[in-house]
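Multiple structures are listed underneath, in structure tokens.
Shared between the two complexes below is chain A, which has chain B as its partner in the first and chain C in the second.
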Partner chain A sequence: MADERSSKVSKLERKRSRSPVDTNSSTKRAKVEKTEDSDDDDKKAIEHNPYLSHWNDGSNGFSEGKLPVGSALKHFKRRQTTAKQASKAEDGDNNPFTGEPHSEQYFTILKARRNLPVHKQRQEFLDSYQKSQILVFVGETGSGKTTQIPQYVVYDELPHLNHKMVACTQPRRVAAMSVAQRVADELDVNIGEEVGYSIRFEDKTSSKTILKYMTDGMLLREAMHDHTLSRYSCIILDEAHERTLATDILMALLKGITQRRPDLKLIVMSATLDAQKFQRYFFDAPLLVVPGRTHPVEIFYTPEPEKDYVEGAIRTVLQIHAGEAEGDILLFLTGEEEIEDTCRKISLEVDELIRETDCGPMNVCPLYGTLPPHQQQRIFDPPPAPFKKGGRPGRKCIISTNIAETSLTIDGIVYVVDPGFSKQKIYNPRLRVESLLVSAISKASAQQRAGRAGRTKPGKCFRLYTEKAFKEELIEQTYPEILRSNLANTVLELKKLGVKDLVHFDLMDPPAPETMMRALEELNYLACLDDEGELTQLGSLASEFPLDPALAVMLISSPEFYCSNEILSLTALLSVPQIFLRPAQKRREADEMKNLFKHNDGDHLTMLNVYHAFKGILGRGEDGKKWCHQHYLSFRHLSSADNVRAQLKRIMETHGLDLVSTDFSDRDYYTNIRRALVAGFFMQVAKRENNKIYRTLKDNNSAVMLHPSTVLGADYDWVIYNEFVLTSKQYVRTVTGIRPEWLLELAPQYYDLESWEGQKDVKQALKAVADKMRRRAAMKAGR
Partner chain B sequence: MASDEDDDYMNMTFGEEPKANETSLQRRQRLKREGEIKGRVKSKAELAAEEREAREAALSKSMLEGAQAKKSKGLAMMAKMGFKGGALGSKENAGARVEPLRPEMKDGRGGIGLDSERKRKLRETAESVEKKVKIDENEFRDRVRRECEAARCERQVYAAMKVCERMDEEKQASSAAEGEAPGKKRTLSTRPLKSIPVAWRGLVRTREVERDQRMKQQSSTPRLPMYEDDLEDEDDKKAMGNTLDSYALVQDLDEEDPELDEFNALEADVKLKQLVEYLRKEYRYCFWCKFEYPDNAMDGCPGLTEEDHD
Partner chain C sequence: MASEEWSDDAESEEVPLQHKRPFGSGLKRKRVVFVPASSGNLNSTEESKPSESSGPSKSVSDIYLSIVMPKGAEETCTDEANAPAPDICDICKLPVNAASDAADAGKPSSRPHQASIAHQVCIAHSHPPSALDRSRMGLAVLEAQGWDPDARNGLGALNQGISFPIKAKPKNNTVGIGVEVPKDVATRKKEKPQMLNAKKVRKMASDDKRRQEKLRHQFYGNPEVEKYLGLS
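Here is the complex of A and B:
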């Protein structure tokens, strides 16, 4: 259910300057040097703590890991505290962790916190937590579990004493950042100090950090270098019901680690009542359920299936606006383009409605993952005021991808319109294509969506399908990501994590054998795994990069082609969403602007041209934002590519990979780059069949067309592509022309003509190329 | 091998022998045609269909079986880890997935359930069509023959009715000539329908109904100029079609006539039989001989049916 963009996109986490839920907490606190006063109690606790053997006793006067003077936690015994004790500590005048006086804001928040449903069960939680190593916790959205449970754990775990942190994972970057910020406020500390977060390419933690929010992918990366996660004493897997790839793998890993480390506690938190599966998986762990704060939601179905779900959705929104009582609307659609389009249509229709009837104003706000943060912020604005005093109330209508299904809490929603679709990643090893397809949601998803209507008061959910279709056509649960993904990257990670037996690795939902087989083959062709299935040096290095194996291999081998600087830029560019903008009304202008950067040999080089121009503008100190606007480029994505590049550069430097460039005036400048591309993407090649039809090579073997967005000008019979787009038609997107000689030269394993099967014409063509190469080599030798 | 080549060395044909009877013009046309077929850019729909087919073929073939699988390095690695077919995962975790998920391509913006609804309707119509299609050739031939027969019969019924009418008129005329004064002819149209024998009453009735409708239509859709032109004389009116012919309507045209309905409901051959009998009885006329016999014995007529007259 994660907000899924293109596979490449989700690989890298993009930095965001501000999180959407940015509670303003600029209460500045002066830094106070800690005194060396240490109580005897503390000393005793330290002596008795088996995990602090490595800990410096702090005789030099400044030591972390000690409580501030007079801390309310002084007499706490680790894993033996009670809710009462904790409450008392929270009520104190001074912050028990920093020793500084509590701010006014703290107490206001504390009052609100005590009202959360989860607070009533604090003692119950502690009892279960202390008794069991693994706990399954179910709390519906709005119960406060994500913010409160980690704090309860911190008060019981006392991480500052033993230098072991509490980690709480989130499937989404944005959530990790915003929740960390919120919890820092609740604990009255500065973000990045006691409470921090760690997301890909951004680590906001320090040596003081005791509670760390992080993406599940980030914890997995840490596990690669620290197989037992020894830095943590408790790990909380939040939103486990979303079943992201990383969460699934973490669960399997932690299942093993908890066996080996009896001191490590694990809490699996889920928002749905499908908890038995988690319990069963984790050795029948105890379950704790906290009810959410929800109101009843009335559900309506359509009598007939919709002919056009978007039209149906627009009609329904207008009907709600015209006829229903006050309350905001949440409409679920599938993608950016569809959402923007619908926003426009609804706005126009509402204007019409206002002219004709006395209905109130309506703010229509889009919401999707790639939306700029300041625009995402709009969803939290209050609804517009009525036109005149006593007039019909204004309304807010949020049109969102499934990002609003679980992860974001938007108050004020009373009406939910659910057409029943979302974009979902799907991978099939037989087709070898990972694609985002608009698919029907699951029953669980539909219930989750309906639940969004009942956050503030009783609500209504309008499902744009029949009750029969709901019962018969929707699957029970959304398939976990691990069943819908190409596992090449995952297998590489698992290898790096030291998992020897991939076949019997105890995943909650193991993937199909063919998916595993395909991933192993791919890694073998990329020389990341040897024929025995062992990690090679290249593979080990590739796993250090938060990239798809093909991209990582391309990047690692780029110094050999004297263009690692350029390939580094290109890798960054391929890791962010599309940098070219093409607004619906200004397609022609946008295309003209894109032509300014056009490189005849293909899209990769065109992107590189854009990046170089962008850096040039920034280098001259000009306004990059304005320049991007003029040229129909995404400033945000270009800047984020710039940031990703810097991060990747650091990894390259750490591993001693040279950053080199061919001289720009050299005629091989672009050829070298194209050859380096082949070194990574030799498995994504298409050969022209006739005029416009290409055929992807070897086992891929499907007829494709070049995506209309391509700039590829020259007549190339052989192209590499970055992405296979599967819709009702098949396209390859982001293509660059190559020479067939390079395939034979750079990927002889994959293009081995001896063992070639099928695609006879391709074999013949490659054979001719091979002969030509041989003749030329002979001629050279003869000279 | 070498001997084969030796045998062949005098062969003067190069590749396929051109057809002897093909003229250069024909050849050019043929080549053009072939070129067109080869060079034709397939329509998007055709391409999409081909892709779909290829996709389906690929999707339904497991990669774990067949010759290809034996060569797969990936499978070899998995075998090394102890893979023996079936699903992955720990042994306790039974019921894991063996088949990969199938991607379902969605065309257009149809809502959930629309496709299955469409399919259901399509199936239903297909089924009902199927039922109709289940007619074999013999049945068809039979049916056509029966239809022809019926049509012929109907025509004969009509002809017989006409004969009846004619005979009746003749009879009336002769009786009038015998008894009453000539010129006081009673037209059929004014005669009450019920007084006409049911055998041929239908003929008159249909004619009358048609005339009635025609009249009504004429009077309800008058020509545009509805004013009376004083300058028009009778001839003008006639030429402009403005004359309103006054018809004497049959008095009981609108009345129900169960007797006639019953007769009309009969099969054509039964009706014909009745008509033939009626003609024989009333007028000593044989419909098949086309002859009015002088006496009731009707000497010389072979029989009642058409076959008798063959």
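Here is the complex of A and C:
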């Protein structure tokens, strides 16, 4: 099928390229626009002209507003269509967008689509959509809103006629990718053509794209260059209830843009009922509610507070398995380690349970963000069959972080076990530390979790806390991300977006003034903002990179240190999850393997060694996957680092940043790299206090230890670190030794001894270093 | 992530797996007790929507109120309140002569309305200035854009933002929600053993002795007790 289609496409292309070049472009174009929905006679005139591709910025493949011959959409009037018309077009034999005949699969999917809860309200949706510029749409998970609403909009918006796209944002990259794939199947088109997606470091769209799924962060990046988002005629913000940082900023931006661009439509989609807040924020926009396909959920509490929630959770799961009717279990825990640990314990316990009683089998599947995709897929496997025919049914038990709370739809879950905790990012602007902390969830979160039990049939939710605790100790709503994050990156983006007034920027939940101040100061030290808070040239350049400002600044200044190739690799490696694996059973072997790549001066250089070795293996055409497995490295993360590197390289090239390297045999090869690291990370420095204890400098004045994973061999009194880890102890992770002279030399503003306050010993040490430097300079000058 | 805490590994890996008793064998026999929620269950959007709209009017307290305080009574109440038409103070939104009325009817009030506590509390008063370091670049920028650090306002179009960053405390145990960890447990742990020399020991002994003496005096020094015991 696909082959057939592609051959047809290529034939078409050939035909087009043979067509005569049109010289009188503008008049023809005008003519086309006048007659676009009337006849096919003008076909010749609107045939593709390679010299005119700039006419619509190449953003739309129906370049001259052309529909395929005999398209069902021909008589549609933009923003005046009805559900009936659209259904008729969908039922046609040919695809109204491509003109190709529909595949068989299309009709099976179409049937399923017509059964989704949103379908019943298609006309109602179109009515409200056409009437109002902004619409708040509430549909619980499973209502089909993420896949269907954008299609309804496409059929009404007819994006190919006005050369504007429809965008639908998602908070997560995986969701953007998988939903786009699904919708491409539903519309019977190839992914990347009419339906595409765009996520950080990957753009799968073409000039034909009319519907684009993207992460909210990507849309924000597009807005930096196109302040009014002129490429789009409708923007759908999905999962707005999650209140991610980017979604919050986008809402504030779009609130302004919709005022300036009356033709732009905005749909805010949320899965929870607190939509009134969105309504109020968007000038009392109309609200449309679609019920999800959910069943009632019985909620249970413990009469007494649970002493140990992990143990309580394990026991509850076993209790359900032993005593409750058929249905899968979903248990919410906080992090990877806890989940893996609990998985093991439950599996062992179930084995014992099966030996003693006639329990059915149970599959225990972990689920967390860093789990490899093929293992994530396991959660969709059907539960195991009973041991013998007619025996007790098998069960699946999914142990998940809060990603199963809203983003993933898993069918078959009937029992939810909720200990009431999740890991949350919290930023402390006084210490300048962003940390992931286990904290109690909110009421809204708890309700969302309970709702997961009612997807297929009436379910039960077991909460491992008292009803009193639920009412009195849990906060109403989870704090939006913007209140819990370091805003340095956000402020840089806002500046680039042309937001002048940060104080009165109309955010739904404005952050604390101190957090904002800290972000401004950080950017000031990085020379991205001047003292008046205006964007500098460096800042403007740094905002082009989808990276943290510190990383971006390091990358931009790396050519000055003759090591931009290496810093580029390092930046890519630091933007992916940990590349070193350390499976619980094979820790010693993994450590030995890591030692093979060890560089005495620190972890950054060790990572670089790994990357170079990895590229060497690939370059020799050997099996990279096998090599990674042997060396306890993550092939997935290394490859994605490779991909990230390629993307960053492209950005560097477009901005004229040189890619250079010091000769490897040069004495300064590694020194240069370390110096370049200091240029970006001078705010993350720790000085040794005594044997093992280091102390971080300035605002974050706390005693830390080097993370046990470090390879730092040589004795260094000063180190830079990539990450501050707050567990039972405070660690700094991914460290590299540096010389204090570099700090004074490369960040004189930050290490200004005149205005230094506190940490007398550090000041003294730096002063001694400064004196030494001065003496040396004087000697050199004297000679 | 997996390498979070691997300083203290070793100990768990010694026993071969097949000989190891599974974690907390027999755990399952200790049941976790559950009680159903008192305030209803979770329903789908559709079902919960009507209940939500009618929620406030149908709540138990409203029903109770409607029985105890019928509508008619309410109206008469307001009528009464309206009748004297007292002048309402602009600042505290209280009737100016109400306090004096209540205290001693007829007589002129002993102190003016302005001196009443309710009024004083409501007067707009200036707060102490914010503790932020005035030399900070970030503060200067925000001030330039019209934010006043001393006005106790947040950011945002209506200055509605939070005024302080969200605080978090690290949690490094698996204690469930609502468990109250007694505070003294933590403090007692922190006490360090002290080195004692002879002098200190002697002092402690004498202190002890004195305390004992005092206690005995308290218990038995009372003449009534002595009388009861037949000592006097």
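To be clear about the criterion, the second predicted complex is superposed on the first by the 719 of 783 C-alpha atoms of A that agree within 3 Å, B and C clash if a C-alpha of one lies under 4 Å from a C-alpha of the other, contacts with A are read in each partner's own complex, and residues count from 1 in each chain.
Methods note: a contact is a pair of C-beta atoms (placed from the backbone, for glycine too) under 8 Å apart; a residue touches a chain by one contact, two chains touch by 3 or more.
These numbers were taken from a predicted model, which means no experiment stands behind them.
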Following superposition onto chain A, is the placement of chain B relative to chain C best described as a clash or a fit?
clash
Which partner does A:His629 reach: the first (chain B), the second (chain C), both, or neither?
neither
Applying the touch criterion given at the start, work out whether A:Glu306 contacts chain B, chain C, both or neither, answering first, second, both or neither.
both
Report for A:Leu431: first if it touches chain B alone, second if chain C alone, otherwise both or neither.
first
Just checking: does A:Arg776 make contact with chain B only, chain C only, both, or neither of them? Give me first, second, both or neither.
neither
Report for A:Pro511: first if it touches chain B alone, second if chain C alone, otherwise both or neither.
both
Does chain B (first) or chain C (second) touch A:Asp501, or do both, or does neither?
both
Can A:Lys77 be said to touch chain B (first), chain C (second), both, or neither?
neither
Once the structures are superposed on A, label A:Lys692 by its partner contacts, choosing first (chain B), second (chain C), both or neither.
first
If you tally the residues of chain A touched by each partner, is the higher count for chain B or for chain C?
C
Just to be sure I read the superposition right, which of the two partners does A:Thr316 touch: chain B = first, chain C = second, or both, or neither?
second
Stretches 40-48, 166-174 or 202-210 of chain C: which one clashes with chain B?
166-174
Can you list the residues of chain A that meet both chain B and chain C?
302, 304-312, 419-421, 426-430, 435, 437-440, 464-466, 468-469, 473-474, 479, 483-484, 500-507, 509-521, 524, 531-533, 726-728
Residue ranges of chain A in contact with chain C within the complex:
138, 140, 273, 289-312, 314-316, 318-319, 322, 335-337, 340, 344-345, 348-349, 351-353, 370, 419-421, 424, 426-430, 435, 437-440, 447, 450-451, 454, 461-462, 464-469, 473-474, 479, 483-484, 500-507, 509-521, 524, 531-533, 577-578, 580-585, 587, 708-709, 725-728
Using the touch rule from the top, collect the residues of chain C that touch chain A in their complex.
1-7, 9, 13, 22-25, 27-28, 30-39, 41-49, 52, 132, 136-142, 144-147, 149, 154-157, 160-172, 174-180
Note: in the complex, chain B contacts chain A through residues 41-42, 44, 47-48, 50-51, 54-55, 58-59, 61-64, 68, 71-78, 80-83, 85-91, 93, 96-114, 116-117
If you look only at chain A, which of its residues touch chain B in the complex?
302, 304-312, 419-421, 426-431, 433, 435, 437-440, 464-466, 468-470, 472-474, 479, 483-484, 500-521, 524, 529, 531-533, 690-693, 701-703, 726-730, 755, 757
